[in-house]
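Right, I'll just put the structure down here and ask away after.
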Amino acid sequence: MHKRIAVYPGSFDPVTNGHLDIMIRALRTFDRVIVAVARNSEKSSLFTINERIEMIRKVMAHEERLQVDSFEGLLVDYVISQNAETILRGLRAVSDFEYEFQLAQMNHTVKPQVETLFMITAVPYGYLSSSIVKEVASYRGNIDAFVPPLVKEALEAKFGKHSEDNI
Amino acid sequence: MHKRIAVYPGSFDPVTNGHLDIMIRALRTFDRVIVAVARNSEKSSLFTINERIEMIRKVMAHEERLQVDSFEGLLVDYVISQNAETILRGLRAVSDFEYEFQLAQMNHTVKPQVETLFMITAVPYGYLSSSIVKEVASYRGNIDAFVPPLVKEALEAKFGKHSEDNI
Amino acid sequence: MHKRIAVYPGSFDPVTNGHLDIMIRALRTFDRVIVAVARNSEKSSLFTINERIEMIRKVMAHEERLQVDSFEGLLVDYVISQNAETILRGLRAVSDFEYEFQLAQMNHTVKPQVETLFMITAVPYGYLSSSIVKEVASYRGNIDAFVPPLVKEALEAKFGKHSEDNI
Amino acid sequence: MHKRIAVYPGSFDPVTNGHLDIMIRALRTFDRVIVAVARNSEKSSLFTINERIEMIRKVMAHEERLQVDSFEGLLVDYVISQNAETILRGLRAVSDFEYEFQLAQMNHTVKPQVETLFMITAVPYGYLSSSIVKEVASYRGNIDAFVPPLVKEALEAKFGKHSEDNI
Amino acid sequence: MHKRIAVYPGSFDPVTNGHLDIMIRALRTFDRVIVAVARNSEKSSLFTINERIEMIRKVMAHEERLQVDSFEGLLVDYVISQNAETILRGLRAVSDFEYEFQLAQMNHTVKPQVETLFMITAVPYGYLSSSIVKEVASYRGNIDAFVPPLVKEALEAKFGKHSEDNI
Amino acid sequence: MHKRIAVYPGSFDPVTNGHLDIMIRALRTFDRVIVAVARNSEKSSLFTINERIEMIRKVMAHEERLQVDSFEGLLVDYVISQNAETILRGLRAVSDFEYEFQLAQMNHTVKPQVETLFMITAVPYGYLSSSIVKEVASYRGNIDAFVPPLVKEALEAKFGKHSEDNI
């Protein structure tokens, strides 16, 4: 019985409570979970790769079986290089589904030994996305329900603090 | 490191090549896979529960880590009774997705410890369903590409043989 | 400035927390809300029209501006007979949306003076439906999170009680 | 250069203005159009196969290149028996699309020489369906905008006349 | 009985007949409608905020209960600043629906007292969007059916006149 | 009986096996097929218009009834200028469908005499797109299954060769 390793890829710019929920649930199904921040997405990102990795590492510091890394190039190549056999993706909505479907089929054609598994985002995070969080933060809206405190502070450092009058 | 057990539920009336593909891929990710035929669906089914179970058992006889069973009542209760923690579902299309989404959310609310994971049906089986197979078989159309030989014979026993002129 | 009256139609077999949430929010936008239970749907229903009406009336007894009624025939005719000008519908998912879209367009062609407005079901109820609740209740699953206590009792009277061991 | 023949299959229970629009547009692209009423759908239908065929024949009597027929069994077998090579289908909405997609893929696997082509239903008929028309007619609602006069009379003969007060 | 005020936000770059139809129908349900042009969308827009506001004001000049304004920042904050309690959105298609769903859920989490209501775009405008209108206008295609005369002239001033030979 | 001419428009940056499958099937239904490469899409494209045209011409050199051209401006105007009456489009997924639906409706309003017909992409190419092919090629992934050899070479000339170790 060998170790089950899942790679959970994404931009995580920044990580949200929805992403964290997937990570925690993934640890129940897999022996090890590698969160893989995509380097390709750096150009138009708010946070650098290192900032994004550090935020996830700090929030998930207590989970020994979770590892945070970055990757470049074809995801399936990275998965194989890590001796993993599973890509884990969160699904929120139908539009997600179609894109993920195409990607999973394409990856399956390129490397059939890599399997893609999907988890449906938990109810309270079904509408969350990093870009919506950034938009709300940029107008100094209240983001307490969407990201952990550490990420909230990082967003406030970029956009300015949410004033209490604004609640 | 404990055993990873997944329950793959369905009507399987009858099992198709699409279902079998999911089972084979599931065995790569999980230590044990329990195919669970739903008793609730018996009323309007073509094959009895026992016929459906037997067909899957024969086709998958060589897979020692796969077990075929039937269940009644709430799926999450059955999953827990089997000491499993994962429900595995195949996704074909958007309409599938929405129903599965509702089911997964509902199951998650009732028993949060049970996780639902999804695999996307492989490209050649993306359009397959038991009901379309039954419809084609009922008109004695050629179903060689859709089901294993053993299931084909069972369908011919119900509907009559596919004549060669009909190819 | 005349009174804004909305008709909220449905089968409500039985009413769920998702329906109740729409009713409460509707009362913030409209002066009066008429919950209209469709008589057409009686044949295959679990509860009679009167049982369904009574359950809603009891749960919403404190809301003076909400009225519970039943209707038969074309919804737009009923709406006009009540001097209302708005049909209110809850949307949960894309599949809902398409059916509702067709219905709204058809109603608009038949009676252009009647407007259909949609509310999106609140996050925690996005996966709820009367039929899923009935299915869980029929297996004596825990439905505390899905319906008010009064409806829970009515379901238990039909299907038997949820045993504590089953949690 | 051989004749281009398209088969336009359906239940047509009854034919609507949406169906007629597809037929008229099909005649601009194909040399001959065969409207094929599905015999399989007779059981739960409002009109008999013969009534459905007759209604289409009368409304389209002036179109010499259009022929109305019925078929039983696999559509692709019927198409080949008519020396046609094209199945024509109207698309209204996303839910249509997914079912049609599965059907087209299945037909393509069974008989690759038969091609399925789709037309998008014209804007004013995008929400129309035979079943919605029957529902409105059953409540004696105004259906002038949805079906030709001849079909309206046939529906009134089944359900009773639409009273003018009801407009 | 207090005044019902709805905010109808958008880019309106430029306003189309589809938007105008929503505005006119909104005035039947609400006591006052505030059309709110989003300042955020100015960068890549064809018309300036002021041009967009002026076009809507001129076309809707006869509607005293309709007011045209612009806003910046979080929509929910603007809605509250106007003593309104309702955001009104038009829905055209499923892709619209998913984005609107996410936005409505997010707004509901940030400010639960603000309700989002949806109207389905009327049949003849279901395929219209400002960007498609701009694309047709940029090739000097005929846009008479899509925008009011005043907007047509503004587009011709940007792209050149539609020549009659081109009809 | 006049010639049936279909215009198959697209960016084809570059042409994939999915596009080629549609072309080959189109030649079975139409007397002549004009592949029309959109000039509008040149700015952000990988290959020039001429490179894209030449690749299609070489791969389809044996098909005398297929012609490759480019166009600028409104597609419907181009179609009419070619004495064609049909636009042919391939559909892969629901997201495709919605955009295509809007485009077809818009074109139908501008020039009702031009008909849009859709073919569903064959099963093995349902997940293919030029942009996914370019992404895989940019990481030197194996693209043998997605494009003809000639296009593969052109992509390798841009991005470098796929190393055998990388399979």
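Letters A, B, C, D, E and F mark the chains in the order given here, with residues in each chain numbered from 1 onward.
Here is the rule we use: a contact is a pair of C-beta atoms (placed from the backbone, for glycine too) under 8 Å apart; a residue touches a chain by one contact, two chains touch by 3 or more.
Predicted model only: the values in this text are computed from it and were never measured.
Student: Count of steps on the shortest touching-chain route from chain C to chain F?
Tutor: The least step count works out to 2.
Student: Give the pair among C-E, B-F or E-F whose set of contact pairs overlaps with that of A-B by over half, matching residues by number.
Tutor: Selected from C-E, B-F or E-F as the counterpart of A-B: C-E.
Student: Rounded to the nearest whole Å, what is the centre-to-centre distance of chain D and chain F, using the mean of the C-alpha atoms as each centre?
Tutor: Once rounded, the distance between the two centres reads 31 Å.
Student: Any idea how many Å lie between the Cα centroids of chain B and chain E?
Tutor: Roughly 48 Å, centre to centre.
Student: Just curious, how far off is chain D from chain C if you go by their C-alpha centres, in Å?
Tutor: Each chain's C-alpha centroid was found; their separation is 34 Å.
Student: Can you list every residue of chain B that touches 2 or more other chains, as numbers and ranges?
Tutor: Residue numbers touching two or more other chains: 94-95, 98, 101, 105, 109, 123, 126-127.
Student: I'd like to see which chains touch which, written out pair by pair.
Tutor: Chain pairs that touch: A-B, A-C, A-E, A-F, B-C, B-D, B-F, C-D, C-E, D-E, D-F, E-F.
Student: Within the complex, which stretch of chain B touches chain D?
Tutor: 93-95, 126-129, 132, 136, 139, 141-142, 145-146, 166
Student: Give every residue of chain C touching chain A within the complex, in rising order.
Tutor: 94, 123-124, 126-127
Student: Can you list the residues on chain A that touch chain B in the complex?
Tutor: So the residues of chain A touching chain B come out as 1, 3-4, 25, 28-29, 31, 85-86, 91, 94, 97-98, 100-101, 104-105, 108-109, 113, 115-120, 122-123.
Student: Per the contact definition, I'd like the list of chain B residues that touch chain C in the complex.
Tutor: It is residues 73-74, 76-77, 94-95, 98-99, 101-103, 105-106, 109-110 of chain B that touch chain C.
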